[in-house]
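See the structures that follow.
In what comes next, subunit A is part of two complexes: it sits with subunit B in the first one and with subunit C in the second one.
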Partner chain A sequence: MSFLFGGRPQPSSAEKIAAAETEVEMVSDMFNRLVQSCTKKCIPTDYREGDLNKGESVCLDRCVSKFFEVNVKVSEKMQGEAAGRAGGMGMGM
Partner chain B sequence: MAESQPPNAPAPPPAGDAGQAAGSAAKAAPKAEGNPALRAMGLPSRFKLPSRNWMIFLTLSSTFAGFLIYDRYEKKKIQKKWCTLVSHIADESLPTSTMPRKLTVFLSAPPGDGLRPARDHFNEYVKPILVAAAMDWDVIEGRREGEVRTKLAEKVRRLRQIRGEVAENPTEPDSELLVQATRQTTGIQEWDGVKGDLVLGRHTWKEYLRGLQEGWLGPLDAPVVPTAETASSSPTPADSPATDDASPTAAPTSTSESESTTPTANDDANKSEAPLEPQQEQPQQQDQQPEDAASKSKTKPPAVLTPYISPSSYASAPLPPSFPAELDPSGPIPFPHILGILNTPTRVYRFLTRRHLADQIGRETAAVVFAASRAYKEDVPTSPSSESSGPSSSSSETSASSDNSPSASSPATSTDAYATATTSSPYTWEQKSLLAHEEKEWHKSAHKRAENEGERPWLESIVLDDRIATRMRRFELEQDQEQRANRIAEGKEGVLGAEVSD
Partner chain C sequence: MYSKLVQRCFDDCVNDFTTKSLHSKEEGCVMRCVDKYLKGSERLGQRFQEQNAAMMQGQMPGR
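Moving on, here comes the complex of A and B:
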């Protein structure tokens, strides 16, 4: 997440725990958003049975795959911008 | 009279008119007021027809528009019919621990054109039905001649390695293998039914057959190519020792892809320590090139590889131990594509009759979706006057049965060494003649052979090994499904299992 420069001191255990906590929160947040978004798109509101049918399965596969690709692309872009700015301003992302 | 003088000149015409009017006094009154029929009905009778030129224009444009609108309306209805036929499959339940059925679609840029027409053709005719049936598919695309063959052969070789065959240079595991391994560990099952290949167009079909045979009958390792020439200097013949089982064609083919294969060729040549003395200088020159190219090739393998086995060696190649009893069924899809300004009438005709194509392709795709397959037919040639000898002779070097196949239309089978060198097989396989009529429409640039070019799967006639051909199957729609489709078209039936809203 954050890249440390050579001069910074190592994070203490409290900071490491905090970083881990934020990461867990981020992952679960992403999971929830993913589930919500793909359910809205792929599963029609009028269903009669609990099993996923093939149409919904395939749609969910594609939705999840697209979500992650978008995620990756956006984060690449942001990291690129942040790296560019960090070089100028000396700040980490 | 002075008054009568000036009106003399204008007098006779009005007098004439008045005379005429007086003569046709009975018609004068209704002529001035419009159509008597309309007047009699009480409708306003002030309308008149447009002029002659407008009439011509309106007739032509409205007939064209009429043809177009009718055709598109019918096409939509036909596609809806095929979609309705298959959409009950999308409602079947699928447990979350099973992968859906994944087809493989082979798309290749038609000769003389780019990839976009192929993609558009797929999106317009094939995709709606696949989407309606909730099929998942994987696309193998090829921009140049030979790419689809390369990719398919790579895929088959990879499959063989997964099934246990050992290669000298095993392909590196990539993300695909990792994903499969993860699936195995988590307990997710692959689809256990038949999968299937959809092949669009005759050119892609030829490459598909070549790639299939190259993958199954060819070696797992790339044949050692004699030291490739530099791309800049003129091609010099290589003196290195003969390659192993494959291709005398490897030498000329290497020049065509010299830029892309110099890395591999040089690696092989350096490893095998062929007598490089006459070529000591060349590797040094080439070292700089492969270093530049190798860094590129590390990220991406070359698009078109030299084939690992040439068609003439199909019959002598052993079947691999991992060869399945039946290959995945295939569905060749017609892809009419014609270029050229003189072909404009044909193209306009096709533009106005797309409904027939939609029907044909819809039928084929529905057959793929239903996974209803049959074996390919093997028609034994019966005419004694045919060039190919009967099953008795084995040493004749005729152009085998490929020219006798019902495809008599393809003029593209010009000089090809491969067909003449094949052993005569007693069968005229159905695969050879499928979609053969499309070859007439290929752009003439496809028939031009450049110097030192590698093999041209499009131009050479199809060579089929019998062992592979017997194991191939073809998707074909069953009779009762066909009848059900007709009933849907008439409106007597709907989606299978759907609730009727009466």
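Moving on, here comes the complex of A and C:
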């Protein structure tokens, strides 16, 4: 019944798949970076034991939280700047 | 991921090139390094999923 409401063109399934693929790629790239950063920051390199100890575990948990927070902050700031540029258009790009 | 793990554990554990093969200390270090890294990335994966889910929920409430 969507034709009744002026039918916004539905994305084709190929487009949907492409968008989903991009998304998965972005998320897995982010995860790889997170693993790289957080293990580097939280796990000392002397490897005295094969298990994570309490401190390392807590550090990893917090690292994930902060990584997400930084992610949000950066994206907000970049969006703000993009909006600022769009608002100031015509004033010498 | 595999090659990254090799690089990480090699860099952290092997620094002595006076012998040709790994000595037992280096080998032990590599084993613990792999163990710890796998456990760490498992934990990070869990937290990542939780955070990601929370973020998605915040983006589109009620869905």
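Definition applied: the second predicted complex is superposed on the first by the 72 of 93 C-alpha atoms of A that agree within 3 Å, B and C clash if a C-alpha of one lies under 4 Å from a C-alpha of the other, contacts with A are read in each partner's own complex, and residues count from 1 in each chain.
As a working rule, a contact is a pair of C-beta atoms (placed from the backbone, for glycine too) under 8 Å apart; a residue touches a chain by one contact, two chains touch by 3 or more.
This is a predicted model, so every value here is computed, not measured.
Novice: In this superposition, which partner touches a larger number of subunit A residues, subunit B or subunit C?
Specialist: Subunit A has more residues touched by C than by the other partner.
Novice: If you stack the two complexes on chain A, which partner ends up touching A:Gly55: first (subunit B), second (subunit C), both, or neither?
Specialist: The first partner, subunit B, only.
Novice: First (subunit B), second (subunit C), both or neither: which does A:Ile43 touch?
Specialist: Only subunit C; A:Ile43 stays clear of subunit B.
Novice: Under the contact rule defined above, give the subunit A residues that sit at the interface with subunit B and also at the interface with subunit C.
Specialist: In subunit A, positions 49, 51-52, 57, 61 sit in both the subunit B and subunit C interfaces.
Novice: So in the complex, the part of subunit B that touches subunit A is made up of which residues?
Specialist: Listed in rising order, the residues are 89-96, 100, 133-136.
Novice: Once bound in the complex, which stretches of subunit A touch subunit B?
Specialist: So the residues of subunit A touching subunit B come out as 49, 51-55, 57-59, 61.
Novice: Which residues, counting only subunit A, touch subunit C once they are in their complex?
Specialist: 27, 31-32, 34-36, 38-39, 42-43, 45, 47-52, 56-57, 60-61, 63-65, 68, 72
Novice: Subunit A touches which residues of subunit C in the complex?
Specialist: 1, 4, 8, 12-13, 29, 31-33, 35-37, 39-41, 43-45, 47-48, 51-52, 55
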